[in-house]
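Next up, some structures in structure tokens.
Presented sequentially are two complexes of chain A, the first with chain B as partner and the second with chain C.
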Partner chain A sequence: MVFESPVALIAAGVALAAVITVVLLAFWPGRYDRARILNGNRYRITRLFAFITAAGAGLVGVVDAWQIAIAETVRVPLRGPGLSIASELNDLSASPTNGGAPLHPEPATGSIVIVGIQADVGVAEFLGADPAVRFWLILQVLLTAALIVTIAVAVARVCTALLSGEPFQKPVTTWMRVSAWVFLGAGLGAQAALAGARAVVVDQVTQRPLPAEFQEPGDPWGIAGALRFVTNSWVPEFNPWPIGVCLARLALSAVFNAGTRLRRDVDGLV
Partner chain B sequence: MPPEEESEIVTALGELLETRGMTLVELSEIVGVSVVNLSILKNNRARAIRFSTLTAICRALDCTPGDLLRLDPET
Partner chain C sequence: MDTVLAYLVGGAVMVLVAIAGVTFWRASQTAWVEEVPGIENTRLRWTRNIASLIAGIWTLGGLFQVGKFLWMPMLDLVLPVRPFWPQVPEGVNVEGPTAQIVSGRIREVSVDVEGLTFGVRALLAGEALLQCAIVVVIAVAVVRICSALLTERTFEERSARWIRATAWVILGAGLGMQVLGEAGRVGASAEALRMNQVGWSGDLPYDDPSEIPGIFAESADFTINYWPVGVCLALLALGTVFRYGARLRNANRSLRRDVDGLV
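Let's turn to the complex of A and B:
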């Protein structure tokens, strides 16, 4: 996270301290005879955080998707850059793209134009990115939002069940299972969508000839090297964590399912 | 999970209490089971019974499990 000003940094610190204080106060071990009240408050606070998270993630997802759809410039995060390229490009502080290297200062209408490459942060910036890039990026943003919303709602559902005094309910089991599969699909889907966006970008970059001043060996700023980094960036990154989280949630779902069956067996027992 | 099935077992607790001139509250005090649970058993709303409960009721009413439980003749 990058903070634009000291005020923003202080505000973020205060907000974080407030959240940690509330959590510590709520979850600090209390007297045994007050366990029921304490637990109720904990469930309520957790549910509140879950709802805020779900609402925030949904809102941010929609806003981000809208911005990607209408923005003139689209940023495509690329894979980690080489350090040598980063050091060379960092020297271009006077460039118009805030540290990036201007390749095509005059945008061509109707086609993708590279306005800068920030290899130090692994971001390529494109003016007038075509619909395919926008589609993949929007898909990635929406899948990520769906993933967070589903998990948060599942947590809220468990808290509601705990507050009702009966956590082992069929709807809770169903939510656990659904959220597990959504997590798997959205987690892997978001990675695939980002890889799709990168693939389109790399394809468009490699098809576009570099201006003569940027071609090796007369490349004074290492732009050709940076572009090689860009063209190597299409290789999809596979992060297996959605599979792990999915399996963990399926296991939790099985636990809740067993609990539901036990409750049913005990229900009506004299 | 198998579907919930209606039990065909009914209890004769009401008849046994009546013949022995005992109330549900008195039986509750003897066997140590709440009146609510005994009422559930009496009205055939129980879905399971512990052996310990069955033993205590049979001892209190001087009967056998067969006297207390039977298969519903109407099913």
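Let's turn to the complex of A and C:
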């Protein structure tokens, strides 16, 4: 959530404080340690949060996918070493002054020196994007939604099991295991899909030959820099966090398994 | 990057994920039998070792990051800027693209900056410290759970306590990290990019400073995500599961003693 005005920021802060107050009142460790550990309200709250998250993520995923499929333009986040700015700044400062005003921008804080700067992250809106771009973007949106929905449903299932008085149930264990694999597949798949969309769109947009007079970097008008932003903006990224989360969730699945075995043992003894 | 190559890379990743899934799916299912099977033991050991490694690396990395933010003269940061998109001036013809960029926004820039005030540095160091705390606490929780599973002491009270502690650390540090980090970046953006005045020669085709490539305007964008609240709640529920398991284990022991006594 991005806040661009102080009022929005304060309102968000108040909302956040309210949520945290509810959480603290319902879940404070002091209360938690009392005998009634299966007090229902806290799990009803958690389950409600989980259901809202799952429903919201699913809805947003479907709407986003539909928009990407039918909209005239598509938005693609781009990232990479792009518009190198430092050279343009130097070129400007070397040009004649205009009415005595300094050409080089003067920072308001005197001691600050920007040594290097480059535009790093951009979101571009494209017209006439290839169906392949739309396919990759839809895949990314749906996989991300699947990831959030699966994990939220897993939390909801645990809460439902707690509310029923018996957390160690086979369906919960199965769902934990399923969610671990969905997390792995969707987490890595979403990254691959976004990389695919970026690659295709950059390939489509950036096959533009620079005019001869602007092929040297550092041209005084910065045109080459402006063009370069899109020419270099596909950088493959790989984040391995889904693998770690998958392993951790499989360990949790094993915990639920152990609990189920314990329950069967106790029932057998009784 | 060639389109075909992109398809190949994407396809290869998906095939690898599918192979991993097919290979390990059965392994994760076999945990249903009475004893923890060897392959699951191996997976749990790997998980524990990877988590230990992550905890160690992040502890050292976090301390290094804090030191860097506090004492290094030059910092590489990603700062928010007022959204812009470089425009190609009129008169420049480009040919080739099959898609057309209608609009775009660059909201962040990477900078190497010197001379930031100590206040800003402290905020950024605080963010790094809290981020490190979150990762380490989670990694230690995973280590404890895996160790407990491997030693067949799954429902130890200390595991439940650590999970509860992890939940509260994530709530506090997750929100605190975002507040400190965003405040630090907004402060750094103001210190590094706020301009007193900008001038340029008459032959340059710009009407406004914001059109000039290289002139970035500061931004006060403040982003907060609420995920720590959800993660905290989920972990507290998990903590209860562990406590319930501990009670079940105690009941099991007590019943066994009774049965042994009867026999």
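The working rule: the second predicted complex is superposed on the first by the 172 of 270 C-alpha atoms of A that agree within 3 Å, B and C clash if a C-alpha of one lies under 4 Å from a C-alpha of the other, contacts with A are read in each partner's own complex, and residues count from 1 in each chain.
Definition applied: a residue touches a chain if its C-beta (ideal position, glycine included) is under 8 Å from a C-beta of that chain, and two chains touch if they have at least 3 such contacts.
Keep in mind the model is a prediction, meaning the values are calculated, not measured.
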Which of chain B and chain C A:73 touches, first, second, both or neither: second
Partner chain(s) touched by A:254 [first = chain B, second = chain C, both, neither]: second
Touched partner set for A:140, first chain B, second chain C, both or neither: neither
Which superposed partner A:263 touches (first chain B, second chain C, both, neither): second
Winner by number of chain A residues touched, once chain B and chain C are compared: C
Contacts of A:185 with chain B and chain C, given as first, second, both or neither: second
Common interface positions of chain A, toward chain B and toward chain C: 257, 261, 265, 269-270
Residue ranges of chain A in contact with chain C within the complex: 1-4, 9, 12, 16, 19-20, 23, 27, 29, 32, 37-38, 42-43, 45-46, 49-50, 53, 73, 83, 85-86, 88-89, 92, 95-103, 105-109, 111-130, 132-133, 136, 155, 158-159, 162, 167-168, 173, 177, 180-181, 184-185, 188-189, 191-193, 195-196, 199-211, 214, 220-223, 225-227, 229-230, 234, 236, 244, 247-248, 250-259, 261-263, 265-266, 269-270
Of chain C, residues touching chain A in the complex: 1-3, 5-7, 9-10, 13-14, 17-18, 20-21, 25, 28-29, 31-32, 34, 36, 40, 43-44, 46-47, 50-51, 54, 74, 78, 85-89, 92-117, 138, 142, 145-146, 149, 154-155, 164, 168, 171, 175, 190-202, 204-205, 209, 212-216, 220-226, 229-230, 232-234, 236-245, 248-249, 251-252, 255-256, 259
Residues of chain A touching chain B in the complex: 257, 260-261, 264-265, 267-270
Complex contacts: residues of chain B adjacent to chain A: 1, 4, 33, 37-38, 40-41, 45-50, 53
